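Same chain, two partners: chain A is paired with chain B first, then with chain C.
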Partner chain A sequence: MPSFWGLRWVLSRIFHLGPVALLATFFVFGMLYLVPGDPAITLAGENATPQHIEDIRALYGLDRPVVVQYADWLGHVAHGNLAVSLLSGEPVAGEIAHRLPNTLLIVAGALGLSILIGVPLSIAAALQPGSRFDLWSMAIASTGVSIPSFWLAMALVSVFALGFHWFPATGATSLSDGLGEALRHIVLPAVALSANGIATIGRQLRVAFADALAAPYVRTLRAKGLSRAAILWKHCLKNVSVSLLTVIGLLANRLLGATIVIEIVFAIPGIGSMVVNAAINKDFPVVQGVVLVTVAIVIAINMVVDGLCRLIDPRIARV
Partner chain B sequence: MTAIAADSAPVGKTALRRIGRWLRSDWRAAAALAYLGLLLVLALSAPVIAPYSPIAQDINAMLQDPNAAHWLGTDDLGRDTLSRLIYGAPISLFASFLAVSVGLLLGVPIGLCAGYLGGWVDAMISRVIETMMSFPGIVLDIGVTGALGIGLINAMIAVGIVFAPEFARLTRSQTMLVRHELYVDAARSFGASPLRIMLRHILPNAFQPVLVQTTILLAIALLVEASLSFVGLGIQPPYPSWGAMLARAYADMDIEPAQMYPPGLAILLTALAFNALGEALRTALDRGSNSSVGEI
Partner chain C sequence: MGLAEIEKAAITRRAMMTGTLGALAATSLPYGAVAAQRKGGVLRISYGFQPTSLDPTFGRQGGDFGFLYPVFETLVDWEPQSLQPKPGLATSWNFPDPKTLVMKLREDVVFHDGTPFDGAAAKFNLDRGLSDPKSTVKADLASVDSVEASGKHEIALHLKRPNIALPGILSDRAGLMASPQAIQKFGDGFAHNPIGTGPWAFVQWRDNELVSYRRNDYYRVKGLPYLDGVDFHIIADANTGLRSVIAGENDFVQSLSTAQKPVVDKAGLAYTFATSQGMFPLWLNYAKGPLADIRVRQALNYAVDRDAYNKATELGLNEVAWGVFPKAHWAYSAGVDQAYRYNPDKAKQLLAAAGFANGLDLTMTGPNDQRSTQRQEVVMEQLKAVGVRIKLTTLSVNDSIKAFFYDKQHDMLLILWGGRADPSATYDALFSKGSPFNASGVEPDGFADALAASQAVPDLKQRAAVLGKVAQIVSDNALIVPLVFDAQYNAFTNSVKGFEPNLFGRMRLDTVSFES
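On to the complex of A and B.
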């Protein structure tokens, strides 16, 4: 029975996410058509030689029908070929593959911190609703949602890197250069990024726990003499884990965006600083490549989250 | 009875009285509204109250600490930080309102059509909404800004485009809730056109949730504007926005770290005010509509 459900789920997901993924590629491709005027001339920039303009026109096949261009482009993407950078002439896919680990390391670090701090915080707050701790932690969480993470990053650099010299102010080293040094480089970026994540998880789960504790079966268990904490650990955690997974999915999406500005602050060679420089310099193949990779990551994460939610709560699977 | 506008009462004396009662009962909302009102006055009267021009450079007063002549110090070009902060207010606020307006104008009609017409129109629009929401917002902002061309207006139009699916999804779900209500059927049987039904009978139902969403997205727009101007895709020098001021402060962080605090705090407080107002509105409207206990 489980394998049957599993297969059905995978098939239904493919039917569902197939169109979304295809549409996403179409949007990424279509971004080129938001460029005002003749894209070839705009992308070539000022002082472009006619040859350069022609090269760009040929690269995108701008002289052919849109559908043909898209199909052609999609074919290349399907083979892992994301064209070459207009500035450096390097293949975009290789550059992204080279930089992606730096970005993912920070996002993973921030996500981990958000869960490790946000979940206990929400439990502690939900166990004493209306208490001073509840009110204060939720007030601080509201601030955490409103704080510009790159400003927090600057403040952290100013105090802990330039002031105390505890952590490096900029750069990144790969894991192969030694775990300790790589971790030292991601501490400040991950902490800056996690403020928002801790606040989001804390607030959302505080509501989820409160709802779970208000359910009728909890009243029955309380009447049996169980403490709130025991009920929470034994019975509510499963209910709340679906909310947690959903928030994590949402957060992965948000952190992948917010990390871009953090990478600029710390001069980290990730895909965020790559896409910003490309957008400023109108290096459109690079912009499209990075946007495509990030949306692919988000769709993949959503699929995993969805699968886990169905495993935990079979009721979702039957809908 | 602290609810405001539970039924769609015409805006008038009763509505004003309800808002007054709501603000007295919820200090968060009152404080947020007071702060935003003050900021708006400050922003509109920037040329009158700012002590210096926001773009006047003074090579004799570069990177100064706060002092009697420059209350918040100066930046690396000798420009008065307080003046830039005050002039940055209208720019940052305008940018936020522009982005949210674009999102509203695109998203609400699309959501209304999807929810009311249903069928394949709805199926298609819903797929598009879901796809757009799979993109990390800022990544899409950067891509669209890169395509449209860098600059504050283009950047905020890009942010508005990214906001549109959020408004569309919300309006669609509100529309689905009421499209089979008796009064909608009644309007239809009287021969009202679909356009009239959507605008006169369905749209008012979406007003309250959309208002809450608008307030919260204003906070996000402010943060995104700061991010985009910080990385150089938003407002261009020499004009100040709070994000652009942070970019200058970042460049001189090792010499004059204090310069990062005024614009950062301004962004934080303003985003906090928009968020607090949104949360307070949501709580008040929830209480008004189904008398459930509003959570956080």
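On to the complex of A and C.
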């Protein structure tokens, strides 16, 4: 059962969501206005006269001060809806609900692969510091950090989709249409996205494990005759798990942003490609809606990571 | 938007590039046409962008037509290879007096919701285009004063001024007919529940993902369509779209660039490559500065090596542009052909005569995508050779249009023009002083009279001759620097038959089927 202080911590984190989301959405709203472009021209169509463009601007309320437009959007949010797209006229919330699972599935897949490969790699390297394996694995990890995900994505498509026909080259399938097909669609995007994650986890944890293995308590454990496996899994892993969780949290947030490129290369209808299209066309309600949802997800991830760290290492809760 | 998507207009010129395709073009058959085409199958298309609206009155870009033609039909249709007007939902039309257009309508047509298409429905659509605050066809219908349902299957358009181009205009967006009952029922939601009289009925639109259609069993043309349905998969990146066809996930990809030809060839896909009336020109603001001097504008025209530009930017495959219409267009004017053949010495002489012997500085804007940048760089190098130094500002498509046409910030713009259904409407849009696409806001002497004359001759051959005079005025005054015409380059699997490209560059699928 959570303690009073634990509950207070959870509530305070949830309370922080409001100001952070407010700041982020206001900042993005302002940015969209500062960069060149005029949605009224887009909305007025091909043959529009300047007068018609002004009429359209007034019709959509785009002639009002920026702050008023932002407050109007905020009013919609306060009433529980994210308004409708300027261009398509469709409810933004519905669009996000339809596309978000595709994005989250890719992020989850990439994160899972990063952990499954990155953690054992870092342990193996840390157990043989200075060995050929250590040097090569870390060199490959450095390459993984450097490879652009879109390039890797196209290379994977060429080989595994167009060459061997093992996986689809484009598109996504909903989980409700069958787990197998949905997973088949996310394999290549997740692999392309995970290269960077594997390298990041591998490099960061290798250092953490190496430090743990060199610590005096490990020498004591060895002297006591404890097996290498017991030292590693029972004692070292617990000590580096805070670092691991922190890296995973940061990586999850980063992957959420990195899906934009992957969604375009694989033609996946996710929130990344949605926000790019909306930003180009200055579809403010869509951009704002995606930013708000993304901010909420990032805060939620950070909260879960912080909470787990507090559980693993109670000293953190006292700070 | 506008000009930008100005980006997708097209027709067949050097028809196709393979022997097979050339032979088929020679017999006037669509690509892959067979004597008896099989019915059935759903065509999966990779399309580069989603519609701005599926309500024809509110749509905002030329690319929408790929999505509109399955559902809607126009009052007036056009010949795919020349864009000559021909009967559509209207069987015939005439001008009993210069300010009245009477159109007889088909009597055997029903909308997908079962309601009849008649004079009242046509009047409803045209009135909506004229008066709805969000209408994007108001400018097209500017010459129309009122619409009358003069009979059960007849309408009369009463005009503010004579406009013989109106039937052509009604073969464009303004002439697309939607179900009045559905518009009243769905209101603003009609864009997501479009109902027309076309070969396929709308099924669903998932934003930036999928637009689906299924067969209209009551389509007025017996035997058509062949396909049971069409699914447009929205794939913004053309390379991804092409990969989806190679992988067998789609059957058809539209609007590829010539740079992708090696990939298409290697994959063994079928394709069509057809010249369109879309044109890449250098748009000029000749209201002020050096470009107000006709000699400078002529110098720019002489300074551009169109063949070299074509080779550098389009692998030499497109048709070089001397006027605003390609050779296949019925309003093509041979009189302006080669008018400004590449002559850098003459360009330098004209610049020197205009007082720019030591060179000239101009500003230019244009889209910031990779292909556009390549085009801009080639032109800049060519102009530099005669002493014209360009300061380039690249922006997004919409922003470059705004900067040039509305904010008048630059001397020149390099962007695609998609064209209009009627040639008078094209000249009007490009060069009339009141047009939003004439950044200068001025026009040369005699232009308005010549344009008005082109709108007052009913016979097409006579009109072509009168339009030739308009073309001559434009060319003599060097109001624009035409470079090349755009090409419609589509690739598809070998099982797809019967696709026929058109001069408008707007995808129509009525004749498409799968191999038996």
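Keep this in mind: the second predicted complex is superposed on the first by the 244 of 319 C-alpha atoms of A that agree within 3 Å, B and C clash if a C-alpha of one lies under 4 Å from a C-alpha of the other, contacts with A are read in each partner's own complex, and residues count from 1 in each chain.
One rule holds for everything that comes next: a contact is a pair of C-beta atoms (placed from the backbone, for glycine too) under 8 Å apart; a residue touches a chain by one contact, two chains touch by 3 or more.
On a predicted model such as this, the values are computed, not experimentally measured, just so you know.
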item: Partner, of chain C and chain B, that touches more residues belonging to chain A; value: B
item: Contacts of A:Ile231 with chain B and chain C, given as first, second, both or neither; value: neither
item: Partner chain in contact with A:Ile299 - chain B first, chain C second, else both or neither; value: first
item: Partner chain(s) touched by A:Asp38 [first = chain B, second = chain C, both, neither]; value: second
item: Chain B versus chain C as contact partner of A:Val242, first or second or both or neither; value: neither
item: Chain B versus chain C as contact partner of A:Ile106, first or second or both or neither; value: neither
item: Partner chain(s) touched by A:Ile201 [first = chain B, second = chain C, both, neither]; value: neither
item: Which of chain B and chain C A:Ile280 touches, first, second, both or neither; value: both
item: Partner chain(s) touched by A:Ile260 [first = chain B, second = chain C, both, neither]; value: first
item: First, second, both or neither for A:Trp151, with chain B first and chain C second; value: first
item: Residues of chain A that lie at the interface with chain B and also at the interface with chain C; value: 36, 42, 154, 157, 162, 264-265, 280
item: For the chain B and chain A complex, residues of the former touching the latter; value: 127-128, 130-132, 134-140, 142-150, 219, 223, 226-227, 230-233, 246, 249-250, 253-254, 257, 260, 264, 267-268, 271-272, 274-276, 279, 295-296
item: Residues of chain A defined as touching chain C within the complex; value: 36-38, 41-50, 52-53, 55-56, 59, 85, 87-90, 95, 98, 154, 157, 161-162, 165, 168-171, 264-267, 269, 273-274, 277, 280-281
item: Residues of chain C touching chain A in the complex; value: 1-3, 5-6, 46, 52-53, 58-62, 133-134, 136-140, 188-189, 191-192, 206-209, 233-237, 239-241, 243-244, 246-250, 395-396, 398-399, 401-403, 406, 429, 436
item: Touch list for chain A against partner chain B, complex; value: 19-20, 23-24, 27-28, 31-32, 34-36, 42, 138, 142-143, 145-148, 150-151, 154-155, 157-158, 162, 203, 206-207, 210-211, 253-254, 256-258, 260-261, 264-265, 275-276, 278-280, 282, 284, 287-288, 290-291, 294-295, 298-299, 302
